[in-house]
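One chain, subunit A, links the two complexes that follow: it is found with subunit B in the first and with subunit C in the second.
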Partner chain A sequence: MTDRRRINGPSDGTTPIVYAGVPKAKQLPPRAPDALRKIFLKTSLTPPATGSSFLELPSPAPAGTPTLKLTASVYGPRPLPPSAPFSPHARLTAELKFAPFSTPHKRRGYVRDAVERDLSVQLQNALVKSIKTAAYPKSGIDIFITVLDCEGGLDGDDDDGVEVGLMNVLAGAITCASAAVADAGIECVDLVSGGVAALVRRAPAGGDAMDVDLPAPVVVLDPSPADGGQVVSAAVVGYMAGRDEVTLLWTKGAMETADQGGDELDLLMDGAITTATAVRLVLNEAVKERLLLGIARSRLKKEGGGDVLMS
Partner chain B sequence: MAPPTSTTLISPAELSYLRSSLALNPPIRPDARSPTQFRPLVAEIDILPSTNGSARMIWGDGGECVVGVKVEVEPTELTADGKRKNWVEIGVEVQGQRDDDPLGVFLGMTVTESLLTPSSTLTERLAITSRFHWKMYIDILLITPPLSHPGTLLSLSTNLALRSTRLPRLTSEADEDPMFDDDWDASVPLYQASNQLPPITLLVLSVGDNIFFDPTKEELAVADCVLAVSLATNSAKDTPKVIGVRTLESGSGGIVTTAGAKDVGSGGAAVEATSMGGVKRTVVKKIIKESLSVGKEVFGSLQGVVDANH
Partner chain C sequence: MESPAPAPALSFPPQTFQKLSPSSYLLRHLQATPPTRPSGRSPSAFREPTVHTNSLSHAHGSAVVRTGDTAVVCGVRAEILSLKYGDGKSQGRVTVLRSNEDEELMNDEEDGGEGELRSRNLIVTNLELGTGCSRDYHPGPPSDFAQTTTSRLHRLILSSTSSLISPSSLRIIHDDEIKAYWVLYIDVLCISLDGNVLDTAWASIIAALRSTRLPRAFWDADSESVLCDPEMKLGLQLGPLCFTASFGVVSTGAEEDGEEQDGSKVVILSDPDEFEEGVCEEAVMICIREGGTIARIEKGGGLLCGMEGLGECVRMARSRYETWEKAVRDAV
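Right, the complex of A and B next:
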């Protein structure tokens, strides 16, 4: 007779739980200053939207480290509400929102804050120049960007250097939104891609930072907030590679210009444009993939339709 | 941002005329200014007795901006990584516009970014002891809804207010709780004459090969590219450094284009060719280069305002 007032252990013993070992974090070799990260970009993933796209940067080791993930959806061109005043061109609005769970450490609120508004306006400025808005009178084109995950570096600047997190988000948003606009079939003069470059001062390996002279900053393309080093200044551009034109320039941090000894501003801007040109190749592939898929589908439909008629 | 295009009530033909006269060599501006000339303005400092520093500026077009700077002692709590966060709070109030209007957000972000750039040394100036610091509140009030973009007006007024800001003199020892001299005449200026000056932000636009400063609303509506260039310098005599560039909404994103082409024929076609799309990178570099020399002059004139008041 067992004691029913007690919770007894099982009569025959149990085996202790053994967890599979945590895979050891593989330390990736640091990226060269001019090496870019790979980008995953795919369009037409949000069925109800006219056009949509998804952008993701590869996750650095160890697995589970936050990386940049964005979705863009484009609605329109659709008629403006009857209350809106007449407008001879399409009205473009862009809204960028961080998901509440997107940032490391701190949760974000649902209500858009000043940072998100600011990025939205910059994104709108970068894209409006590429879209033939005059082709769509009395209509609105709405672009929504949701940041699902980001690498951090959003705290704002301080004495230690500027933060490149927001700049990466903006560059990714420009690329992603441009792919979504193309996916929606909206007339454009060119695709816009975003690129970031930064002047980074890295502490010399093994040396005591106090004794040695500070090393000269180097231009790093596509910098990540996780890379470390002191970011002296950074620039992001929106660039139309087909026309060799800049639609957006945003820089932070003090830069010397040519007559002050260095032409850091030129270096940064050219670096950011180099990044954007490389990103454009990914953008081209994503748009091409979608186009080929569309052609293949329409061909299939035609053949399939014939079959239906025959039966 | 949005206002220049959405509220400009001029016809496509007028826009085309304005654009082609600005693209001439030498260019002709509607108010006959030279490309680098600013509109006349009135500036005064130390106007609000209950603030640590204040300034007021009035432009010819009726835009008026009042800036007040107040400080209070706050115990220092460094963030986990030893950073000084939230030492400066900036509020921008534009009369007649909602708080969430993109214009106010843009102005606030521009001022914050240029003030807290890594080389600004502002937080070093605000540190009192290792445990206490001054928390600074900069409140910017645009009293009359300005007819042109208020970016330059706001940044120059903020610069003057910061230049006139004085902090009470510390009388206690370094590791004690801070005590201050209550004699206002003994207070120390936040920005010493020999030190780095607060930043300014200039609006610069390009039309064709020409570059214009202090643009009016109409000029903004026909621009190829509008940049807000933030500059900082150590003294009014040095050439300033670029500490930030932002792009503003410019032109009409295609409004002028087809309408202009239909109405005015070949002149409109020229508009169409340029107002769609971005600008070449050489144009951007030229804009920034020009703003350095103009910025130096502006710093000089601001120095004049400060000197005249002391």
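Right, the complex of A and C next:
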């Protein structure tokens, strides 16, 4: 179905590029399993919004390697339309959109798809517990996330393991949105940061991939889809470090709990929380920077700035 | 009896004044000496642009352009349109012709190229405002404003005077027959909107197209499909550059009650921001092509700006062209 309100391409459709041979992928520098990548997080880059933020992971990125780039903007609290039923709490809505050029291989359409809907709902669930919604009755708070660029790994899971691309997008979106909510000056009980961990089985050096005795998977913090290795299972959490509460948990892949003799779930949860706690430090810095700027600005305003006289 | 106490001077904080009476608020600023706009700019001042290119990893070309509080991201992505068997032969201009037909064909080629872009929809331009860039636009189907701005941008790209993209750089030819075309999807996302999105979006499109590198594509007869060489990247052949400059026009005498005042004069506001766009009814857009020729004028909404004013706009648009050209050249 064509979207008549946008300019569409040829009616027969177009095909993504097919390469003769495998394009040479830039090799990422090797990283220890518990080494985290650097994050760039800055608030107030969309001045018309009540609050906004921009996140980039990793930053700086090695040239030619994919990165995750997200912008978040928050509007509200603003009155709900008169047609909306009475609500004693603020109504939080989150909308996550991928830009058409954000994903590898194929261009995305503008029409919202199931993946975006799913991530939007997860994001909303992760954030709603951190906001004091009771402080804003009859109001709406809207969060918009735009994914400008992502690292890939969105193809879905197969026998070879699970993909962590969407989890990274969600974790980034949680952190970015929480910074934007704080930038908007909306009352929160805590900030939420997102963290991802995965159990990755790396191919033994020089060994045969079909080797019978595979190495045991190790917990990798902040895994990247471009890292390589077989991801056995992965988890993403939304974590409020100040209250030590997990607002969201999403896992993929097979794992065992303690009563089954395995400790994979615990390992993954601990790993994801460790990542989220580290991300929280970045979040704290970004919010602090914004706060100091706000204080400096309000001081400036008090000193100067008279009223305009209406003649 | 009430004593005739002097009425207290009615005063508001500036923000309240702005909300209550936007047009008087703007006019009071413009009536001041020297005339200043609410943003602190002088009427003829444009906002300084910053341009960055190729910051996205999956687009073939991309640019981030910011002017003041308006920021856009443009990504160019190419996909392949395969033609049906034999369909490309008529487009390939390979038929051997007798000499007198040659000239006719050459002419046909010159303006027929643009028709090729149009008839096959090889350029797909879209502007997305539903990104939370402003409180007025929401995700979902594009608003009327987004649709009109998209179609203005699309017209600019395809217009014969700008002839920005030559169809020959989009053809994939094998044995003198066009086997397929590149289709360029140009998507502009507005990240932050504070007026005059057209100029910024247009500059981002130019910068992104200039930074676009497509892999070399060839026809593979064995698989009967187009394959690409992962190692070799080619830039697009772009025609002469052109840049737009937008203006808002307002009269200092035009109060809301419509009374004509003495000494009213027409003020042309360069690069209007969101607030000024809301107040100014008359808008002028001038597109200047390399060399200073006018490629397009769009003007509407009022009669304040006559030929004199238009000449002034053209002069300012020419100097704006230089600014954009330098910013884009430095970035790519």
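Throughout what follows, the second predicted complex is superposed on the first by the 266 of 311 C-alpha atoms of A that agree within 3 Å, B and C clash if a C-alpha of one lies under 4 Å from a C-alpha of the other, contacts with A are read in each partner's own complex, and residues count from 1 in each chain.
The criterion applied here is as follows: a contact is a pair of C-beta atoms (placed from the backbone, for glycine too) under 8 Å apart; a residue touches a chain by one contact, two chains touch by 3 or more.
For clarity, every value in this text was computed on a predicted model and none was experimentally measured.
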| item | value |
| --- | --- |
| Partner chain(s) touched by A:V189 [first = subunit B, second = subunit C, both, neither] | first |
| Which superposed partner A:V128 touches (first subunit B, second subunit C, both, neither) | first |
| Partner chain(s) touched by A:E245 [first = subunit B, second = subunit C, both, neither] | first |
| Which superposed partner A:S83 touches (first subunit B, second subunit C, both, neither) | neither |
| Partner chain(s) touched by A:R6 [first = subunit B, second = subunit C, both, neither] | second |
| Residues of subunit A that lie at the interface with subunit B and also at the interface with subunit C | 112 |
| Contacting residues of subunit C [partner subunit A, same complex] | 9-14, 17, 24-25, 28, 55-59, 62, 69, 71, 73, 75-82, 120-122, 124-126, 128, 130-135, 139-142, 147, 150-151, 154, 183, 185, 187, 189, 191-194, 215, 217-218, 220, 225-231, 274 |
| Residues of subunit A touching subunit C in the complex | 3, 5-12, 14-24, 45-49, 52, 64-67, 69, 71-75, 78, 95, 97, 99-104, 106-107, 110, 112, 142-146, 148-150, 152, 305, 307-311 |
| Residues of subunit B that touch subunit A when the two form their complex | 1, 83-85, 100, 102, 105-106, 108-109, 112-113, 116-119, 121, 123-124, 225, 227, 232, 239, 241-250, 252-255, 257-259, 276-281, 284-285, 288-289, 292 |
| Complex contact set, residues of subunit A against subunit B | 88-89, 92, 112, 114-115, 117-118, 120-122, 124-126, 128-134, 155-162, 189-190, 232, 235, 238-240, 243-260, 265-266, 269-270, 273 |
